[in-house]
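What follows is a pair of complexes built around subunit A, which joins subunit B in one and subunit C in the other.
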Partner chain A sequence: MLKEFRVYRQFVRINLLSGLEYKGWWLMIFQVLVATVGDPLAVILVFSRFGNIGAWSMERILLMYAMAFTAYGLGETLFRGFSYFPYRMIRSGDFDRVLLRPKSLFVQVSASFFHIHRAARPFMGLCIIIWSLVRLDVQFTFVNVMVLIFALAGGFLTYAGVFVLSSGVAFFTINALDWIHVLTSASREVVRVPTPYLPQALRHIFIFVMPVLVIIYFPAAAIGDWGGAYWRGWLALPAGAAFFAAGMLFWRIGVSHYKSTGS
Partner chain B sequence: MAHIELQEIRKTYKVHERPTGKWSVLKGAFIRNTKIVQALGGISFSANQGELVGLIGPNGAGKSTTVKIMSGILTPDSGTCLIHGRMPWKERKAHVADIGVVFGQRTQLWWDVPISDSFQLLRDIYDIPKGDFQVRSQELALALDIEGLLSTPARQLSLGQRMRCEIAAALLHRPKLLFLDEPTIGLDAVSKLALRAFLKEENKQTGVTVLLTTHDMDDVDALCNRVMVIGHGQLLYDGAFDGLKEQYATYQGQDIDEVIAAMYKELAL
Partner chain C sequence: MSRTLKACRSLFIIRVTENLQYRAAGIANSSISIIWSILQIVIFTIFFTLGDATGAAMTLTQAITYAWLTQILWSIVGYFTVDAEIREKVINGNVALDLCRPLDLYAHWFSKTMANKIGRSAWRSAFTLIAAVGVPAALRLSPPVSIEGFLLFLISLCTGALLCVAFAMLMAAVRVGLTWGEGPTYMLESVGMFLNGNYFPLALWPDFMQGFLLFQPFAGLMDIPFRFYLGLLAPSDAFWVIGLQIFWVVAFIAAGRFLLNRKISHLIVQGG
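What follows is the complex of A and B.
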């Protein structure tokens, strides 16, 4: 386990060094920062023009949005290899090389790409979360902080699970992975809408299939006291873990399919 | 004791074909005709530690499939394969720690960083003790004449230089078995000769078993004490290279490629 972690670290190191080999690497960081600042701008503009939607203030939406943002960013930063896997590794046949190395496939693939500028997104997200919490007068009690940390951990696992899942499916269909955007982009858009106003069907999809509302809305509602039982806030981590486990299952099936059919 | 033992290894692939005729493109988007193609139809052989074996055969004969099965990338449909007493596809990690694989057409070096950084990463991947790593990387750098290249990124090396680094990378962890898939493809004469000399010496010094696939018969002639011909998923010849020449040469001093071409023709490959 310790050795696997060491290999992950070394992979990350070599990816960082690779990035620095090219001029203008600092431009990339700047670029992502600009993009991340621009992202929540739409929410801010709409709210400043039209005011609150019932009890839903801009801060509430920004809090949810930033939580999703941070969770996605963490998953993307630490599991970049999986988000690239379908497009880069299978097609090029590089996965054969991964199989030829005496280390866990999971560790090797997740660390096969690492871009430091991706970390700009979770960093930005955390800043917005804290700002919104302060504006919403949320008490930073131990329990509330724990719920928030568990929510982010659950969110990280969920988005990591999305990447792992898509990689597993990619063993069967190398193209046709656009549906993955339903789980990534669409799930981030969903939390930009006040949850009670969502059609029930959509709400159920994003609770029971892709649990983005469980990992974002429930914890946010719990610590912000927006109604509903507080205990629902604790569901984020188990839901994230379950989704991740499902992703891993698909990954395992995909690997054994690859080994029996070749590419 | 034989350390490579293959028995009745069979492997088929599913190939998808587009239907023919009018509207075929449209039809192909919904209906796929699957055809089962046999890659290996029951291959058996064994080899001892320290042998230098050449695997030849026309394109698509099943050479790569054989190597992929022996290196644990593919699972065969049936048959057994024991290498160092292990089934490659069952005990992947333990198996691959003992082998080295070089694909002539692909690289295992990290493209953008100096060769020495790639070696460092391989040290962690194979858990090579620090002291041994020092000794081994120096010894390989000297033998392959790559000391001056270690601080250059892989993408800036010529093909010949890169191939020497690839071979060193594959041998850092002192594997007992080395697979080389077309190692001399695209190399100039000097690099080819140097590579052959190195492999021969390495085999003598460390007793590493070398199994190489190639289309360059001079590789086989210069290196291998045993040659296997694979065609249509079958093992068609297994023995000394000279025996092969005797069997298929029509006259003395015939060009080696002509002999091989005559053999492929006779075996209807």
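What follows is the complex of A and C.
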């Protein structure tokens, strides 16, 4: 385990240094900042037009939305290799080279790309989470903070699971991976509206199939006291872990069926 | 000049027919567009019915139609990332091969980008359109407001498509400066993505911003054509609004050509 961690760190270091070779690397950080300012802006625009919906203020939605994109950003930062895998490794046949090395496959793929500017998104997300929590007068008790940390950990695992899952499926489909947007961008759209008003079918899909409401809405409702049982807030981490395990299963199946494609 | 035009026309036709072969991919991608539209419609419905929509310049039906139009015409006027093929060429050095052809590089790439857009989007758009008129009435795409509105929609859509390619070409020219990496193009892209109305229809943004929103170049991509379709812009405004679109097309083409020629004049080819 420790050895794997060292390999991961080494890969990340090399990727980081090669990224700094580009003249515009600082522009990349600036760009992600523009993009991350854009994310919450969409929520703010909607609320500036339509106002609050019952007890649902802009701060509540911003909290949920920021939790979602912090979790997504963490997954994207630390598992960039998996999110690029279908495009950069399968079709070109580069995966063959990875298979030849006597080191953990999982670590090599996950750290095959690392972009420091991706960390701008979780950073921005954390700032918005704290701002909304203060605005919502949430008590920063030990239990509440733990629920929040577990929720972000569960969210990270869920989005990491999405990337691993897509890489596993890519072994069979090689191309056409647009469906992944349903699990990434669309799952973030779902938390842009007050959850109780979502149609039931959508609510069930995003609880039982892709657990975005479990990792975002339940913990947020628990610490913000928006109704519902408090214990549901603790479900985030187990749900995220389960989704990640499912992604890993697909990845394993994919690897064992791998037939080289490139030359 | 006429030789270049002829060559570009053949390139365009070859590329469109080539892309039209991928029908299965088109169907698969249209399912994403459909799911996405329905999600947007759910969001609009919740906010329009439960929130305070009195000051809104649009009705719920119009917003639903806007959501469908965005997805149906996404690849033509919504998506302006540098063409994948061109980006690949810049990275692996095959730009040099394109420079060997006795063709104007800008015109060559312009026609290819346009062809890839149209070829790739045809099936996807067709299937999304079928879904948009086939769903239950509460989610359905409504017909255009009037015949004039529809004709103006088509005209400004063509200008919008040109604008979209001109913008993609400007970004391609920026991307030729390889040592800068993806940073500058990403930034241009995120600004464009935000101001073209795909996150939130421009007419629903705060009132004090409306003037600016209509004049900035990215409104010409999707928002202006859609406003004609929905009747938010009167046919009498067509002259200056479409003129504005054309102005931005010319500006983007001039900037793109200038930048591309300058970058090419001291290009260092990477790879072999």
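The rule is short, and it goes like this: the second predicted complex is superposed on the first by the 258 of 263 C-alpha atoms of A that agree within 3 Å, B and C clash if a C-alpha of one lies under 4 Å from a C-alpha of the other, contacts with A are read in each partner's own complex, and residues count from 1 in each chain.
Operating definition for what follows: contacts are C-beta pairs under 8 Å (C-beta built on N, C-alpha and C of every residue); 3 or more make two chains touch, one makes a residue touch a chain.
What you are looking at is a predicted structure, and each value in this text was computed from that prediction instead of being measured.
Asker: With the two structures laid over each other on chain A, which partner does A:Arg203 touch: subunit B (first), subunit C (second), both, or neither?
Answerer: neither
Asker: Have a look at where A:Gly93 lands relative to subunit B and subunit C in the superposition and call it first, second, both or neither.
Answerer: first
Asker: Using the superposition on chain A described above, determine whether A:Ala42 touches subunit B (first), subunit C (second), both, or neither.
Answerer: It touches subunit C, and subunit B stays clear.
Asker: Does subunit B (first) or subunit C (second) touch A:Arg101, or do both, or does neither?
Answerer: Touch partner of A:Arg101: subunit B, not subunit C.
Asker: Have a look and say if subunit B or subunit C is in touch with more residues of subunit A.
Answerer: Counting residues of subunit A touched by each partner, the higher count goes to C.
Asker: With both complexes overlaid on chain A, does A:Lys259 touch subunit B (first), subunit C (second), both or neither?
Answerer: first
Asker: Taking the superposition as given, does A:Arg135 touch the first partner, subunit B, the second, subunit C, both, or neither?
Answerer: Neither partner.
Asker: Once the two structures are fitted together, what part of subunit A is touched by subunit B and by subunit C alike?
Answerer: On subunit A, the residues that contact subunit B in one structure and subunit C in the other are 22.
Asker: What part of subunit A is in contact with subunit B in the complex they form?
Answerer: Those residues of subunit A that touch subunit B are 3, 6-7, 10-11, 14, 17-18, 21-22, 93-94, 96-97, 99-103, 256, 259-262.
Asker: Can you tell me which positions in subunit A touch subunit C when the two form their complex?
Answerer: 19, 22-28, 30-32, 34-35, 38, 41-42, 45-46, 48-54, 175-176, 178-179, 181-182, 185-186, 189-190, 192-194, 197-199, 202
Asker: Which residues of subunit B touch subunit A in their complex?
Answerer: 13-14, 65, 68, 71-75, 89, 92-94, 96-97, 99, 101, 103, 106, 108, 110-113, 117-118, 120-121, 124-127, 153
Asker: Can you tell me which positions in subunit C touch subunit A when the two form their complex?
Answerer: 24-25, 28-29, 31-32, 35-36, 39-40, 42-43, 46-48, 50-53, 55-56, 179-184, 186-187, 190-191, 193-194, 199-200, 204-206
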